[in-house]
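Letters are used for the chains, namely A, B, C and D, taken in the order the chains are written, and counting of residues starts over at 1 for each.
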Amino acid sequence: MVDLTVSIGSGTLRNPVGVASGTFGYGSEYEKLIDLNTIGALFTKAVTPESRPGNDVPRIVETPSGMLNSIGLANVGLERFTSEKLPFLKSVPSAVVVNVAGAEQRDYLTVVETLAAEDSIWGWEINVSCPNVKCGGLALGTDPALVESLTSELRTLTEKPLIVKLTPNVTDITTIARAAEQGGADAVTCINTLVGMLIDTEHRRPVLPGGTGGLSGPAVLPVGLAAVYRVSRAVEIPVIGVGGILEPDHALQYLLAGAAAVQVGTANFIDPQIHQRILEAIEKYGERHKLRTVREIGSILL
Amino acid sequence: MVDLTVSIGSGTLRNPVGVASGTFGYGSEYEKLIDLNTIGALFTKAVTPESRPGNDVPRIVETPSGMLNSIGLANVGLERFTSEKLPFLKSVPSAVVVNVAGAEQRDYLTVVETLAAEDSIWGWEINVSCPNVKCGGLALGTDPALVESLTSELRTLTEKPLIVKLTPNVTDITTIARAAEQGGADAVTCINTLVGMLIDTEHRRPVLPGGTGGLSGPAVLPVGLAAVYRVSRAVEIPVIGVGGILEPDHALQYLLAGAAAVQVGTANFIDPQIHQRILEAIEKYGERHKLRTVREIGSILL
Amino acid sequence: MPSMARYVTPVLSNRSVADDFYELQFNWPAEAPVPRPGQFLTIRSAASSVPLLRRPFAFSRFDRDDNSARIIYQLRGTATAQLAAKRPFDPVDVLAPLGTAFPLPESDTRPILIAGGIGVGPILFLARTLIAHATAPRVIIGARSAGGLPPLPAEEYGEVIACTDDGSYGHHGTVVEALRSYLATTSISNYSGESVLYLCGPEPMLAATHRLALECGITAHVALEQTMGCAVGACMGCAVRVRGPEKYARVCTEGPVFDSRTIDWRSTTW
Amino acid sequence: MPSMARYVTPVLSNRSVADDFYELQFNWPAEAPVPRPGQFLTIRSAASSVPLLRRPFAFSRFDRDDNSARIIYQLRGTATAQLAAKRPFDPVDVLAPLGTAFPLPESDTRPILIAGGIGVGPILFLARTLIAHATAPRVIIGARSAGGLPPLPAEEYGEVIACTDDGSYGHHGTVVEALRSYLATTSISNYSGESVLYLCGPEPMLAATHRLALECGITAHVALEQTMGCAVGACMGCAVRVRGPEKYARVCTEGPVFDSRTIDWRSTTW
């Protein structure tokens, strides 16, 4: 039997397969559909201090082997997250990671500070990379100095695993990853969505009212793998791989590229049971290659 | 009838549909297969001063709705380009644009200087963005100062249309585009390939021997469209759109996004006649919307 | 409400019912909750990344006797073309039942059911259900031309008012015009109670009918469409604009059936 | 050489010829140049972006009388699964004929044809062509087990040496072993001239046969494979390592058929 647990900072995940922020709501939405026990980590929809209605509609459009979204961090806000969403999340045995977002540095600190004492929260994923929010968002995640200072400020607020989620929309993702590491992050997640656009030639307008949106799905798999391959060689902290996983083999590719764990995003929409299939594939692969821990998969890349 | 000609610097293209560098060799390879007369512009495989054998094999792998390549600027070099390839290109009625590459600034100047007097060359596309060459290549195209200085040096060598081809692997493509404009470029091409990777889990190694490669094909269509949309709003010079076009509608999307012309790359491999289908679609679209010139398509986006 | 699940279940039949319209009938697993009119399912039409997302379709019929469910779908793009290629015994991968159902009318109201285009499936399902509950609805159905109308036998659906844009069959004009003249010619005093509208179809038709309903003081239940990601309420992708502080509601969870007065109809861009 | 073109042409038949192996027969347009053994075509298996690239397959047969061409293909992934679903009259989108052909043997040499796995198509095509030119080749063919061998009637191909890895049919072992023992038992003096080898199959088999050919001083013509982009010589994607200053040759243009001595066999990673 392969040891599936993954250590990240002060915490341990029961297995390396998580569900990505924004694609799994606050967990309860999928309760009826799948066995939440088998998920390694549940990354919530981004939480901002205030509730946000989100962007104009439509918010989703399919692209070749991918999709663009422009949800705009639509979320219930800190208050209703605590009163309406946390009670259910307490009952979830997987690690619950709150994805934290905001328009400015202060917002991130507010969310983590306010929720710091909640036992049911396993850790934080700091979303410095959402391409759908104008002020802050993207700019923050592209500046190593800002990422480092935000991370170190957050570090003073929490002992729990602190994960910084990186955007691929940068010249050199390893510099941002190193900045997060420098700031005291316990791990980085690669990648958030790519900036993309689609135009409706019939109606002569961008399909998404905001023009651009975030590209996810299998189309971005090669981009995510390259990011994880590079970042995992640039930092000492664990890297969580996400982007384009639609088949168990894609998740194995991330682990071979150097990821300590993976997240499934868009694929939850298509096959809600995919994390289970991935888990089985990882166990089989580990056994076939006689590995003791899932972490060793990254070491057998030739 | 819609006027299909496109002005770029001192030159004019007979129509806005070109074939992208690296996917069309030096033209003669496709001579038997299609009518080269219908191509608006033929962008050659990159030409470097010395011939290059290219990267290790395999060099191509398919990804979801895309492909990765690691050709490594394999090309015959300046001397054999002049003796073996130019004679055929002289007979091609389309605008012949030489895609220029190198490991350092000097190489670019050498190519343009050496070929400057060749009448059969319509213009230059400066490839500052190939992700498959270690020294120079990518680094050059991500630094606005380098791009501006290279462009202005080249500008002194040629009156012909000078086009700078941009990489999408940057934080803000508009700053690089503005640098090229500042340096005196007559146009910019967006986008070259994205850095990507795929791993063979069976053989436990990256499929491409160099690890990463360049992602092209429909998977990157949304990324290219977003780049053209942004860049065409940031610079005054024409933008040539390329990336992921597989259907005529994709080319129309580029024109609506603000491109003055388009290039077809990977799709040449799949449907060598695609540029003709695109041309027909553009004419139809222009007539339906009662446009006099193809350039007006960009102005009807709502 | 009984909850959704994913089922891979065999196709029973797949046949053309009008120009470009097909009816897919598939086995309904015994353990699955019974779908109600207005609810929908999502289908993964092929194990590929093109198309990537599951596609939503409204239930058009459920038969307890042979444990089968149906959808009526229009050929549009890749997914529906793949659906049209399905043959009996082919498996279909469905997530169902999803969303809210049409609220059944009070016993003293007169249900008027209005369908246009791809709205025909859920409206016929509702009609059959009402008839089975001994409530005779009036069905108004519109299409571009005669060929776009599925067969609607009077013995099954009562006397149907058919409309075509080109006048090739039935009423020449839109369903909204047909509704207006129907309401005008039919004195409301014929009924013990009020009329109530149930609508599904293209957005302009829904908006126009909503305005007519407001004018006449009639309640209208509309089944909306929006591009979907998860279809289970998790992604916030399927939002439509609603009146009130929340600004948006999810078609997959709060809908697809809404009281037309809750919707913000200002824009037509969805 | 006659040049290539793109044809959309109807399927004539598509049938299983061995475990996981199918033979696709399609109409060969009258205006198209006649394909020769060793040459290949590329097929776009579906009008989708998955799979994206055309897939290369070697011609396995050409019949002038009914104007048909064939390929023998193994089920591997998406494209070959889509090929297997093609029915008579379905159109196939092919680019052909591509690449170099096997050079025909001198009249005083003895051709030995060796196929493994997906190499069977071009080798059988060459065998039929040689026989039609009254040159009797010796065919050696290998598969994992009996089920992987297509039917090879002696009246068509002469006496074929079959090999299986598991010994379930014919010679127990590889084609290379079979070739070695064939060469050993067959005195070269039986022939007026030398033997010449024609090979197509998995790379390790080609490399091993090449070494044996070197040992025995026999010329070997190998048909290689490499992932392709354009298939017409434009993209430099299909490179294989060769000896000499150019370092690489294109399988689609300089190949797929090469003299085995021109290839750089050091590595097995392609």
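As a convention for this text, contacts are C-beta pairs under 8 Å (C-beta built on N, C-alpha and C of every residue); 3 or more make two chains touch, one makes a residue touch a chain.
These numbers come from a predicted model, not from an experiment.
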| item | value |
| --- | --- |
| Those chains which touch chain D and also touch chain C | A, B |
| Chain located farthest away, centre of chain B as origin (C-alpha) | C |
| Chain centre separation in whole Å, for chain D relative to chain B (CA means) | 36 |
| Chain B and chain C, separation of their C-alpha mean positions in angstrom | 47 |
| Chain B residues counted as touching two or more neighbouring chains | 64-66, 217-219, 246 |
| Junction residues of chain C, two or more chains touched | 49-50 |
| Touch-based graph of the chains, sorted into line, ring, star, complete or other | complete |
| Chain C-facing residues of chain D, complex | 48-50, 78 |
| Interfacial residue positions of chain A with respect to chain C in the complex | 22-25, 29-30, 32-33, 45, 53-54, 57-62, 64-67, 69, 71, 74-75, 209, 217-219, 246, 266, 268-273 |
| Contacting residues of chain D [partner chain B, same complex] | 3-6, 44, 49-54, 95, 226-241, 246-248, 253, 269-270 |
| Touching residues (chain side chain A, partner chain D) in the complex | 64-65 |
| Touching residues on chain A, where the partner in the complex is chain B | 63-66, 68, 142, 169-172, 194-199, 201, 203-206, 211-213, 215, 217-223, 225-226, 229-230, 244, 246, 249, 252-253, 256-257, 285, 300-302 |
